[in-house]
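Heads up, the thing below is written out as structure tokens.
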């Protein structure tokens, strides 16, 4: 594709650079219509409508909102987003630690989405406004290179699910400079799916599992979830057709009462996952209990650096003391935030009285409005579920 | 930040490669891609790391999956003819905006009655 | 570091400077609250348009201003000098004043700034002025201490004369919406350069004055050109929403009709950015009565700066104040960005 | 710290921003070297006057700009908002455009700036606008990151209409030189505030728009008012030298005729500063044909802003381009300051 | 920086005082003034320190010095009359600029012939 | 005098705030004319015209230039300025020390005039432009208060003659905070008067001695100079009438061949000087040999802190290493500067080819163009010796 070609051909879903016959349209409107028709048809046969289908990935929500996919679903299908935004579930005390480090003169590098996430008293963006050195990086490798270039301590505030933790692990294992360390707020998603599936108010009929996470861990990992909760799980990709196809499969299983795992993203996901990535992930991190913001205390769902990497663990290298930051009490508005319910699938952003009023991406109240993977932000940016 | 973006490997240098993402090039690390990767291979990039090689065969498998899903239902409007038509279209993607004919065509396309 | 007490004071944030709702709120609540509008202005401060329109004798004078704080000041495809001239020339042009009577230039530079860079910037202002046939008639130069300013800022104000004024508020249902060029290059090129994300593609800003292009549009379209707007800081999405809101119409846009280069969409996908929400400079949005749409498009495509012009949708008498995007798969609203990916883009 | 190599690059210094010869050199060598002047400008960029004059229809349009970077932004007697409006209104007025058609306002503010301060500044702009009967018609707001800007800068550009243009270059020998007010208060008040030299006196800036005062002057003096000038950054000495140089006359000033308050001279003596070389804003220098001198002075003194107006000397056909000061004891040249006591005074 | 500026002591607080310099007040240190200083005394200020008390008697002595110098020469134009005139003038200093009469006076003062 | 009174009455020379009868005009035009006539008359009777009269004080030059006094002098009287500008004679290595300290992160406070004085490679202003913390203060006391306010080392770069050294001494003796120290470039003027009087090309017929310095040291100190060089010395004040009166006296002595000291500034100067100030001065400082820029190496003309004040002596507290700054070689222009000749009374600024061209107050080449007490700067600002 030439750089000056003023068309949207590339980005509408073809794999780039290939010759004609492998340029596949995963955004093709007519196929989408056909899949939507299929969904409508299955929707008529569902045993206990509406069926609630939960996906657990911000990229899923992005695609759903960006392409207006909910407008294609029948009333008998309810598609909700669970705790799929790693930014949103980052706990305030974790942000406080990053802020405290930044205020102590350490260079804190992190993903752009993390800047506006509020800690107890302030966000990293606030700290930066007040003169702290906070940098946005594209990923762990860029943070390592920053540490190589700078003559001072660089802490990478590492957030994200297992897909993102694997690159962090790789960066740690690739012998980064001494002045580089990690403040891990990485999370592991399967235990959260367990917890949400068991929440009393949450009535999930099936999971559309996140393809990216499954790339690393393999879809075999969802067998336990199927067993424990009696739900079908379908692994789906992120293009509109991937999602619609995943929904077709998932709704078929719901209609047919099949408690099974199915891979609707075979071009990327296998049963065993990416062995190398998985190895590095678990070599560097171990799963420990921890609080997910707005959701719950979840066993084995936080990823902590193992002791042998203490030299690159910011919590070991520094005496982090965010206590001064904790004195401020949560604002009135924050107490009204229903992010937790939204992530548990029991509420939509439009159910929140602050949505689009007091709470906007420019002045977010809850974490769901901060990240481009947060449900509230996505609904706000793409206009939510419009009556069109 | 959760984004996975497919790209084509252009050049490999140890653990690092340059990949083309719809015409835009960027470095990606190969530390955890898990498969042998060569120039010309497609990978899925996540935060600057290739997390998966995407074999062409599996791309076709996806396509087949969609077809299976639709074929499975004989009542479905999607016939082989339609499939063929779709595939034919995919060669000249979305260039419509550049190719309008005369005034009436444009207004018609936009649904404007004059 | 500020203590908790002073944290309680309300403070200005980067978001206040991104040109969207937060900026409008700040401006209307704070910066213009006590101001009286010019009694005889045809378009005034309160209209939040690209420029003001004042009667002077028998002429309609258009006046506008912009301060350019772009970081980095040199970027692929241009620099702050070219941007400063283009920005104000284009603000005048989209109001209908394609003939620029005069620009003013207010340069503020940090002590210790290399003189050679300043010269390059000045040269590029001069070149853009020649391109736009726009003379700088009055200037001012200030130097701030080292550390008191990050490099250089340039304010340009401009005055021009319009025969036919094209505010951003005069769309009627059925008007065809046209963009004069591919969108997003400027913002994406800056983002890539600024964040040091080393895309190895040639992402280049297409910053340029387009008063000549719009003069060609007005020559063909005349009064049938009902509205023009500069989709700068808040991108195509912001500009369309503003036009819809002020004109009290809806706007319908078809995704696949919007011209975007492969590089921009590629970089957008890679960074998770929506090209519709990315800044432009050197692109204009037009509202044109249906009968004039094709001649205007033809005139645009005859001009070297308008080769990629496209009709992307139309104004409708529904969804007032909103922009509906047909994604090809489903429909959704196209929203104005409420914060900007890159704060210092213009 | 820069290494020796980069030290060899020529760099911008604070002196380049003080408005005197160093600024003129920088501007003419660098900032405007490649610019073409407006073909039909009556007064253009190359004239280095307080503003440009352009014909628009049958009117003479005056256009000017200034960026205000004053530090501190709040000072006794005013703030950057009042200064920004007064500065541009006065630049228009001294060109003869005492009727302001429109101002533009380009505010750049640092992230984390207290909103309350911004509000005070905006209020004071609005108040000065009312005082000058000058509407702000177009605005722009930018936010730079914390640490990227020292607080706030405001650019104002202005357009006005002049019946009779009063450039700074039209003095003839025998013209009487009049100042409309006591000089030096603005600069001294800022210096004292900025350097934290705690004079316990009430040194207050007298920054004010004087277009109303100059309208009264022009009503009485008409075409006999041959020149007007704003003695801002380089003070009375700088302005008089510029008028002498451009008009190709000499100017003779009598020390004891120049109105200066006791506080200003006191503070000047204490700090070793010459009130003639200190910035003003809200004072104008007039050249008036001899026969009109007394009526103009009378009109000035009838106006509350002109009570202290005084004839301080005359233009002469000797010492071309220079200003001769009769100190009462001996004579000397009054020189333009080549650097400024306080760089960020306007 | 070599400047010595006379001022009148307004208020004393230990080693520090506030002095009035032609209407402008500023703190001065008294550490090295060397004489007892009271409110109302004149001092010479140098870089924020009073370096000398100026007794009124000595101010007069300066005046006398000038007179002596001039008186010493009988041919000098400065008579007692002139001295008196000068002293009379000193009460209404330099106010001339404020008090012009009519047009002709002004032009005459400025040496302009119309 | 009310603040709004728009007259120049205050500043034209009266003592402020007094009641009518002690408001004395030391700037009275008619008295000035009478004194000038007197000078002209003496000028006619000088034994060996022209008589060269040297003053050694920037404030004298200021008054002379500001009031155009040279235009009142007959051709038979040549009034020149000697090494009377403490800024101008500050040696480059002294500036280098201040720059090195500033670049090492110390806050350097000094008089405004010192900022632009070039060291070997750069000035304090250059260092400030590059980010060093350099502050302008009104005097030593303000620097002490700065140290009290700041949480870091503050060095006061102390320049000036004995008049200015006495306040520095007072500040040191008034128990300043620990983080306050002095980098002394103070100079003592009588030895320099000795040296200049003996220079082969310098033909001085009399000194108009600086009133300010004499306030501290007393005019008795000039007896030795009279004895050694056979010259009259008259101590003069700074108002125009003071200077003219001093010149009358000095020229009378020259005419009459009287080698004597006379005090023409009795309202401020006594024979013994200011005993308290003198004591503090010599208690804190001792006179040592040193280089005066452009003039000579002068014995006992530099004032150095005595050992007992080492705790406040920047040279003792810090390991100042300006060697990196010394590598740059002096610019071509600097080699053409004739400051030294000007200060020795053998040249006027207008004799310098750079004067007003390459060398201006905005871009000074030599130190004489930097300070408001430098001859070149004064001539430049006030238009030199105009032919009016």
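We call the chains A, B, C, D, E and F, going by the order they appear; numbering starts again at 1 in every chain.
Criterion: contacts are C-beta pairs under 8 Å (C-beta built on N, C-alpha and C of every residue); 3 or more make two chains touch, one makes a residue touch a chain.
Chain-to-protein mapping (UniProt): A, F = Hydrogenase expression/formation protein HypD; B, E = Hydrogenase expression/formation protein HypC; C, D = Hydrogenase expression/formation protein HypE.
Here the structure is a predicted model, which is why all the values come from computation and not from measurement.
Common neighbours of chain B and chain F under the contact rule above are C.
Here the two chains linked by the largest count of contacting C-beta pairs are C-D. When the CA atoms of chain A are superposed on those of chain F, the rotation angle is 180 degrees to the nearest 5. Compared with chain C, the chain whose C-alpha mean position is the greatest distance off is E.
Annotation: 63 Å between the Cα-based centres of chain B and chain D.
Our note on geometry: chain D versus chain E, Cα centroid distance of 32 Å, whole angstroms. Remark: chain A and chain B have CA centroids separated by 23 Å (rounded to whole angstrom).
Our note on geometry: chain B versus chain E, Cα centroid distance of 90 Å, whole angstroms. Residue positions of chain A with contacts to 2 or more other chains are 1-3, 6-12, 16, 129-131, 138, 372.
Of all residues in chain B, those that touch two or more other chains are 1, 3, 21-23, 27, 94, 97-98.
Residue positions 11, 13-15, 18, 111-112, 145, 147, 197, 201, 256, 258-259, 262-263, 265-266, 269, 272, 308 of chain D each touch two or more of the other chains.
Working note: touching chain pairs come out as A-B, A-C, A-D, B-C, C-D, C-F, D-E, D-F, E-F.
Put simply, chain B touches chain A in their complex at residues 1-4, 6-8, 15, 20-23, 27, 29, 31-34, 42, 44, 46-49, 51-52, 54-56, 58-63, 65-66, 69-70, 73, 75-78, 82, 86, 90-91, 93-95, 97-98. The part of chain B that touches chain C in the complex is made up of residues 1, 3, 5, 18, 21-27, 45, 94, 96-98, 100, 102-103, 106-107, 110-114. For chain F in complex with chain D, the residues that touch the partner chain are 1-12, 16, 27, 29, 32-33, 62, 65-72, 103, 121-122, 126, 129-132, 136, 138, 240, 327-328, 360-363, 372, 380-384, 386, 388. Across the complex, chain A meets chain D through its residues 128-131.
Residue ranges on chain C touching chain F, taken from their complex, read 111-112, 145-147.
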